[in-house]
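Have a look at the structure below, then the notes.
Order of writing sets the chain letters: A, B, C and D. Residues in each chain are counted from 1.
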């Protein structure tokens, strides 16, 4: 009877970021109360969005700063690009801490959300293993702590299936006795896009909803509820079959759309071009007009994204096949991503630590 | 430059079994040289196919016995059903050993294929951790070994990315010195169907092709090449995005096909029925006629399965998104499956061991 | 500067139990306010000691019940003896809960003390992995919980080196929000005797002092401080070189003492009897008289146990060699012990669970 | 009945090195056919001993080169000293390869001896996880391999308890098919001294005896038996209670010896100086004369080291307490040592790899 099957998917941030991102590309730049910039740096695509109270009303997203780093360094197992990404994370995190008026000697609590025993959900606990914890040193041998460090505590509150408690209750309890000046939570997320998995690092100062989605028991941890800044770092590590199929059908439309344009030679139109790996990446410009979409994919081709999702979800769910999946290289990916994030955080939290010397501090 | 990215997917058995299975349901029962039976037992669906030389010509599959156990016990984390499935595996394995004239005191070599550090590929090494190894006891203290045991050795040859060698070369080397009377190889497979993942256990006496798919270097290990029986136990543990999408599009056709039949009320036709979890599982009878398929899915609805796969594969591959994935619960699933298989094997290999007392022997 | 080297040794319980045990054998049975019994059962040596306020004054140990199970089942990797020991643990734990007026539907909090990443210190976290956690089921789907279960929550508070916080602070925080009716803490201990390592399970209702020994910051968790029963289960998993040497010098005295008695043939006296494995186990009766002890071991032979310990400690410490060690089979031992304890606890906590069906509930 | 308890202790190298070392300090420098040098470098104590055929007769040790690195960097968890030690290992290994006429493009086989599931015995398999394996790249895509690399294969042959086979048989099998030009084996050893544990790295070109000590089945792998150079890297990771006690009794003698010298004030002689951590490390000069030794330790004080060992071993063994132990920090120590060795090896084997860039290549 007792079961461990509670889903660990916390979609909020991913959904927010994705919706935000999509809209931002299309029209949001003109919305009042929403400012966004995008740039590329050392192979990392960096998107900043800030939303104020006015924007919150307009786009239905919580006011605050949302920063997205898109890096292929983990998936490609490219160590030097991972270091480059960690440096950008450090800088962005430092800015966000400053924006939230966190001072250099403020006490931080790092919360590693997720389940250590379920690898794709273990980003939080795995990151904690490489976090430089210093608070006890300040308490026990204050005079020995060199300058350039701040007090940092860390807690891995587990998940409801293994603790029997609301995760937010555990965290509230720890805050009650530890009394940090600010919090940074790290968590694995569900992705609403195949390509974001293990590629996108999301950073925000709008707080967290641990275990959100389970009932209505949302016990937000945020500046509003706690009175201290609550930052969150999230990485999509899983995706469901609905998303994979929806994304692929979209790709399929673009694929045929491009073929349509490239060739008028109808006889060749539907012949796969012998696995042309060199093909230019499909993009929005390849999406055909509605009439062509209907020819290619019938009724399904005319549905909106949201309608498609709903039908696909119902078909999969009714057959018991809406699996949530993770790339087969999950062990290596989680390991590298946790290390990247911890290095980025250690350097951001302690003036004396840099990405270059960070490995010396990892356990 | 050195890279660990060699794919670990060994599709042969999965493909064979799947093709076999599909055809068998449809028409194969009437093919000369191919015999198949199917039955349900303790919640396990059991399919036996035997192919002789004549059948090998007819269906293009190697002559031999193919046994498939389909059990949801691992996915549902149902311990007592796992025990039931292990018992059936024991019995089937015993039959297959007998069919291959393996005697009760013949020396067995268990080969755990795959990469210990990549969880979904670790079925072989993880199974080996629970295999009752006895050969050294016969060599070192023969007089102390109770009756009811046979000599069993076990080897985990690693994968090319971690050894730098062809896996078959490592195995050949070990056979060269160990000289077993028969071999049983255990391996994780890629699935050609979402629903088979972690649900299907395949058992055959047609040998293995470790690392097959990499170049033309197929170094088969089989009765033909080694002169001793080579059995293989395989479980699909991963699936690619192409398969997920192909399967889901098929489900989508059936889903709309059923809706079509159920309601003529056109206005309701395309409204998702509010996530009707109670919906009867979709099956072949729900697949609509070609004309309806075209209405629903346009050109794509008229493609054959193989054509659909090819187009989807090209669309995904050209976008760098044909990920190979595994369920997020991969740690628990692999653990339970490896335990189920090891228990089934231990009881089949040693007369004195049964599923009931098997846990006493596991490490 | 930041360091992870904080010792994880919590000696209190081990010392108490050992002192208690030694004295009990010698004279304590006659002390007012101290009652002790000892018996053997299914290969487990079971010692009960209860101390009341009067006894607390007399022997300087906290009033309460102390139960010690001594079992070789883990070291011998004997599964069926482990099951027998788990059953005895269940019964003793049930008695102790009843003695402390814990009711059948009282809410329990299981605390897994120690460091998951240091295997010999991981008894608490490893035990938690097999604890049946049910509290969330009562909260989320109360109507579905069968009778025979109680609400149980579980927390692994980490260690100061990885959290930066006093462990007792973390626990206090969790208690603050979870509000359990009783607590059971599980912890690895340091042993003051080689032979206790991985053989002795200590059970008491006198509470815990997490992280005791570090400074004066003893933040006891007990009925006195929390107002609810606090039980503790501890197993010695490590021992230091001082203890090993002190114990061995003691053995050496007994060894020569016995030889002295057995043979008067002086010429043979000091010849090792060619590793006589069949030799009867040495016991207290073999300890020679003081004069003989001096002949054998000189000045050292005349020291009290406590003096010997002090000198040995100084010699080792001054050479930087007072290592704390654990048996090389630490991985297997910790695994089996954690499983034994979790099974014993699950069956004690939930009426519907027994050792026989317990494996069904383990994760 | 089947058992996994085969001891994993392979003492040969440790014993050889230790005997060698002790003698070398005392008188060996003058022995014909034995040359030894000793120096300190970057905190690493480095001892070179070379023995020729003449020396082999004289000291009863196999002719060849023996190099010992003594570094406290792992025990002290000092990353930068670990890097310094890895660099020295690289240089020594390069010299030894050259001495053995291994050419720059010769094919190497790295053998990781030991049991992956027993942490203190897992040095070999753990080292392999960080070894840069390249052989398959030369075979599959030779043109893509940059210059500065050689073909390297790697195998972890397991232990007899998990494979049921002689480890040397498994290795012979792999050599039979892989045909390397030279071999480097990595293994955990038992120490004959407390202080060597996790501090000494032994490097030799005299081959290995995997599983030696089990019966007479010594199946040496060496230049003599295989015709190719066989190097071995060994690190003591465990120690038994006999050794701990013998070493400590020795320390105790020195300790009292020094006190004797320091003070003639008899009344203070046997008072522990309140745990004087600042005490100068005890050394050979503190060992008292025989008469004083007898006063301090009686008969035992007059025994030779070997006699002491024998008596202590008999006392412990007869009580079933001659445990083999490892420091409680075994997880961290093994991890760091395996990483140090792998880095040292990668840089020695491939011209293009250095300790500085090595982390890029680790998996």
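Simple rule for what comes next: a contact is a pair of C-beta atoms (placed from the backbone, for glycine too) under 8 Å apart; a residue touches a chain by one contact, two chains touch by 3 or more.
Here the structure is a predicted model, which is why all the values come from computation and not from measurement.
Touching subunit A and subunit D together: B, C. Contact tally for A-B versus A-C: the pair with more C-beta pairs in contact is A-B. With centres set at the average Cα position, the gap from subunit A to subunit C is 44 Å. Once the centre of each chain is set as its mean CA position, subunit A and subunit B turn out to be 34 Å apart.
Of all residues in subunit D, those touching 2 or more other chains are 4, 117, 332, 363, listed in ascending order. By the touch rule above, subunit A contacts subunit C in their complex via residues 1-4, 6, 116-117, 128-129, 132-137, 140, 144-146, 149, 151-156, 158, 160-166, 169-170, 172-178, 214-215, 361, 363. Residues of subunit A that touch subunit B in their complex: 4-5, 8, 77, 117-121, 194-195, 197, 238-239, 241, 244-245, 247-249, 251-252, 254-256, 270, 272-273, 275-277, 279-282, 294-301, 303, 307, 310-321, 323-332.
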